[in-house]
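Order of writing sets the labels: A, B, C and D. Residues in every chain begin at 1.
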Amino acid sequence: MSHNTFGHLFRVTTWGESHGPAIGAVVDGCPPGIRLTAEDIQADLDRRKPGQSRFVTQRREEDRVEILSGVFEDDRTDGPRTTGTPISLMIRNTDQRSKDYAAIRDAYRPGHADFTYDAKYGVRDYRGGGRSSARETASRVAAGAVARKVLDALVPGGVTIRAALVQIGSEAIDRLNWDWAQVDANPFFSPDAEAAVRFEEHLDRIRKAGSSVGAVLEVVAEGVPAGWGAPLYGKLDQDIAAALMSINAVKGVEIGDGFAAAELSGETNADEIRRGPDGRPQFLSNHAGGILGGIASGQPIVARLAVKPTSSILTARHTVDRHGAEVDLATKGRHDPCVGIRAVPVAEAMMAITLADHALRHRGQTGR
Amino acid sequence: MSHNTFGHLFRVTTWGESHGPAIGAVVDGCPPGIRLTAEDIQADLDRRKPGQSRFVTQRREEDRVEILSGVFEDDRTDGPRTTGTPISLMIRNTDQRSKDYAAIRDAYRPGHADFTYDAKYGVRDYRGGGRSSARETASRVAAGAVARKVLDALVPGGVTIRAALVQIGSEAIDRLNWDWAQVDANPFFSPDAEAAVRFEEHLDRIRKAGSSVGAVLEVVAEGVPAGWGAPLYGKLDQDIAAALMSINAVKGVEIGDGFAAAELSGETNADEIRRGPDGRPQFLSNHAGGILGGIASGQPIVARLAVKPTSSILTARHTVDRHGAEVDLATKGRHDPCVGIRAVPVAEAMMAITLADHALRHRGQTGR
Amino acid sequence: MSHNTFGHLFRVTTWGESHGPAIGAVVDGCPPGIRLTAEDIQADLDRRKPGQSRFVTQRREEDRVEILSGVFEDDRTDGPRTTGTPISLMIRNTDQRSKDYAAIRDAYRPGHADFTYDAKYGVRDYRGGGRSSARETASRVAAGAVARKVLDALVPGGVTIRAALVQIGSEAIDRLNWDWAQVDANPFFSPDAEAAVRFEEHLDRIRKAGSSVGAVLEVVAEGVPAGWGAPLYGKLDQDIAAALMSINAVKGVEIGDGFAAAELSGETNADEIRRGPDGRPQFLSNHAGGILGGIASGQPIVARLAVKPTSSILTARHTVDRHGAEVDLATKGRHDPCVGIRAVPVAEAMMAITLADHALRHRGQTGR
Amino acid sequence: MSHNTFGHLFRVTTWGESHGPAIGAVVDGCPPGIRLTAEDIQADLDRRKPGQSRFVTQRREEDRVEILSGVFEDDRTDGPRTTGTPISLMIRNTDQRSKDYAAIRDAYRPGHADFTYDAKYGVRDYRGGGRSSARETASRVAAGAVARKVLDALVPGGVTIRAALVQIGSEAIDRLNWDWAQVDANPFFSPDAEAAVRFEEHLDRIRKAGSSVGAVLEVVAEGVPAGWGAPLYGKLDQDIAAALMSINAVKGVEIGDGFAAAELSGETNADEIRRGPDGRPQFLSNHAGGILGGIASGQPIVARLAVKPTSSILTARHTVDRHGAEVDLATKGRHDPCVGIRAVPVAEAMMAITLADHALRHRGQTGR
């Protein structure tokens, strides 16, 4: 079972609420002997950190990660390495303004999980969304940094996992302009520098209106060896879909051509194969997004995810409170006008966690 | 772990290859005391059965299911009931024409899992796709029929799960014409009778050309109580995404507005709530598709899935064989021009299995 | 979750009732490329088969196993091999005499699971104990035969798993007489030929009195590489304890010196180590039974299990029926006077399954 | 998979090494609405705490537990309650004397897990045994305190779980003197006050000799409703055996009469049943230890476990180091002469965790 754990052999269990003392993750199943320091993890966390531009929440969190277990530095070695035991990661919460939330203690914010948490549990930590807050994704990013280390240790040549934001509202990138180097050069993780300019205008308008907007992200993993994944209920694409759909606000996931494949003919969709220069099969296209029958083909794995608009907006919406009274509610507090932006490093992290898990599963599945 | 098992408390393990002696499923975790006969399951199987129109594979399978365990009829009772022990379901394969496949014993059919199975396992049952054949989905439909029984036993008023085909290639239904009664009245499971006429023309053209085409399906579950599901890695939408993505040829999944949500504003997307006639919260729209924060809201659960075109087509495509030789391959044998059609009862089954699992998990999660 | 499944990467799911049409197992996670025929499995099944001496139940079952999936014979290869997909095994029930059980349809046989099944499920298949019958152990033995194949494929030199019966009632073997070659030379699986004579007298007396008696078994696995197992909740001894305790009628499990270790001093108990002829550490004793900290040390793994006396006896015992009426019940039907005897191949099978699972887990745990 | 997690619906994941900054546990699956404070947990931790008598390790740990997530105090309610989200528990390590361990940095202490950890992982945190230290059991006790709360919330009348030490070396209690009130009145958790006197003499002699000795513990759970547990691989006794065998230094586990059952006749062993004053079945004896067919009978659940002598002793023993050199090693540092004593609250905790898990699983298994 997996209420709060993701993965089977590389397992990430996260804990913590938005306004509790801390959040964290326990990463179990990390192989031994991998160099790991807090700085390795911090780099990924800093990309996700709030407050870095006017387009994301102004909550100021240091997001300093502590490693509490699972690494050991022998004085005769070259730095801390994993030991094969659980890696406990903790991030203190420092900028909680819980009083901001008194108004919504009883009322169900439309689009949020307030009503459903109450329906399930009969109780909820309403401060900042509690457990359902996007703050939990910091734990994912921290665990994802460990997963990247695992992949680099297990795969000669390494696995490169990168995500980008390809659409905000109705504004999409031009794929001909795709340049990975641009992604970290603008506040939107846009791979298209020109689109970033349009994104800025679009999002400034939305932000000033106190509104919000959705987004589409793309995640690409290069270097995944053919063979990872497993029929029929341990499919790699099934697990990627689950990983991405588990991110807050995600409403759709597709692999390769995804929904567009519905309009293709069999002739177009079937990625033809020729003998490559190394004698190995070489695919002539990648409509499949790197996965056939649930198993990696060796091509880049390509996934996209749709993020809904932030539900916290300044315009009042109709709702009810837990006593059944009708109220109108405008959400105050500090929020992201487009929560899809900060989802970029989170999507990378979830892809990394899924792949690290499958890297280890492949060994167990094949006995090799 | 879950190579061939889906679910946690209601668990379905399938086994069998397209051209072996039989296929089947073991359904573990079915609560006791539920009436269940082979006829109950047969009805669902018959909807998926091949050979029922010219638009699906002409393979002729009786698809008779046998219940080998897990039900018991006391002579003082009113028919067989589940006992809480594993329900073993078996369907004999009767119309295997394995010689059809000799030509592709070594060659990797583009779009199929031939190459990836070999990359993973170094061996594969090439007859009819072996384990990766859509034939396995008969086991899913059989298990899904049991899941429906479980849902009806656990939920007062029952849970209604229905799927429909809403797009074939570039032809889509008109949602204003949606009529569930039409779905079983045409060979496409189309809820729009007018669209069914267009589908027929479109697919006849494709079939005669020896080509194939993709499709989009929609699955709707009504009657799911608010509260099923769980944050953060046991989300109901995460599990639905995994369930649907595990179906052969599926390349995309969305919940509620899905990818369209990326273009919405927060004002539009947030489903407003008012006090209903029964005093309970009543949603004024369902952009969320019935799930908020991974937990059911009590609204209908709405999911869509994209199915790629059948990879088996008459036009030759470039490929290589396992020895590295380049060949051109046209697939013979009996195939579906649009595998999305027969995916309709499979999508219903996977939704039913996912919901039955969550129905039981909800009890364990809340202690109620 | 694991109602009817044992193992994580090498997973065995069993199904079937004593008096249903068949019993079986689905073995998932078997690595590909391993030679496997029904005959390989049959040899193990025949050792467990009822009716082979007057000391075991006279039920006559052919116990012919069918392999329904998961193996494939390419016409260019040397026989059927596993493909990495689930192996479905089925054994038809042929000698059910269900009318024998009419008398205990409502009454709870003392020592049996009748009352507890009713308490849990409110319904039970009372014919021959239904799911709780020792008949289910045939499925374990069949799956165990596959597990042995896996171990031999994964471990150079192979893993040898043997069990013996070391005590019946108050009669115990003399360990100085231990000779593995004797085990299959007497109807008790006794490694001590002299003790077998005493066992025969003892058990004849018990059998004629319509009584029954308990037993102690020992299972030894040789060739297990140092390193299998995992702290702290995936311990090898923890999983062996679970595997053996899951066998019908088992009430105790110990590893190495087991309960006798309570009386040892630290000096005696600590297995000292010296440098072996190959330069590797060599243990001078094996009080630990081959496991330290939950991880195999490379020494033989030694486990013992206690089996309670068969609860089905001719002497009437007090009980009640499901309506609360007090009755006295003598069990008729065909039963084992010492169910511990036929547990010997079952204990081997459970050890094999546990070790095959850990062999695969070790790869996933270490990334090697 | 379960390297460092125990349980399925009530799941405990522990992390931390003996000489790292902290140890802890994440308790996932705790139902909502249960009152829980750090003080509730502290009471159980204090019973396990080192340094409380001369018979246990002199390491001085405050063992103060912090609750970092999963509870919430609404200002309108009567104290903190669980919310259904993961409960993160942390205990800081304060009295590490890591320099004590420099001598055993390379040498494998006989009886310890040093060699096997190295064999598995190729690296280990040798300070105080690292992850294999008994210090980890503090996390178990903390999680066990939460499990007790869950049981009390779910079972009307509550479940009482108590353990006692019934044997130290060759000295055993007299069961006729059993008095639960004595258990916390002597430093041995002995239920027999007279035996406690003998234990004291015996252990003083052992302690002064720098030796150690093993022990036998008994755990009893009263109030468990008939029906918990599940055939055939989710048996309650199977899970109890796994839970107890996972505790450091445990080498044997038995349920009810355990190994003594091997010597019983079927007549004696079968617990007879009569109609109780409340009309419900009433057992006349409890040889089964409260479990039949893997399912609780409603009688007290009785388990015993054997703990080997502490391997850390002052007398030098033969061993080798990781370079293959032969050395003789006497363990210094602060240790327990009988590690079985402090295992008493740990055994209670593992029983509580197992039962809380089964309490929740029962709901999912039966749909009730």
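In the analysis below, a contact is a pair of C-beta atoms (placed from the backbone, for glycine too) under 8 Å apart; a residue touches a chain by one contact, two chains touch by 3 or more.
For clarity, every value in this text was computed on a predicted model and none was experimentally measured.
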Steps in the shortest chain-to-chain touch route ending at subunit C and beginning at subunit A: 1
Reference subunit D; chain at largest CA-centroid distance: B
Between subunit D and subunit C, distance of the C-alpha-averaged centres to the nearest whole Å: 27
Subunit B-subunit D separation of Cα centroids, rounded to whole Å: 45
Subunit B and subunit C, separation of their C-alpha mean positions in angstrom: 38
Residue list for subunit C, restricted to those that touch at least two other chains: 1, 3-5, 8-9, 14, 29, 32, 84-85, 120-121, 131, 231, 361, 364-366
Subunit B - residues contacting subunit A, complex: 1-6, 8-9, 14, 108, 110-113, 115-117, 119-121, 131-132, 136, 167-170, 206, 211-216, 226-235, 237-239, 241-242, 245-246, 248, 251-275, 279-281, 284, 287-289, 291-298, 306-313, 315, 317-320, 324-326, 340, 361-362, 364-366
Interface residues, subunit A side, partner subunit C - complex: 1, 9, 29, 31-32, 84-85, 150, 153-154, 231, 359-361, 363-368
Contact footprint of subunit C on subunit B as seen in their complex: 1, 3-5, 8-9, 11, 13-17, 20-24, 26, 28-29, 32-33, 66, 68-70, 72, 74, 81, 83-88, 90, 105, 120-125, 130-131
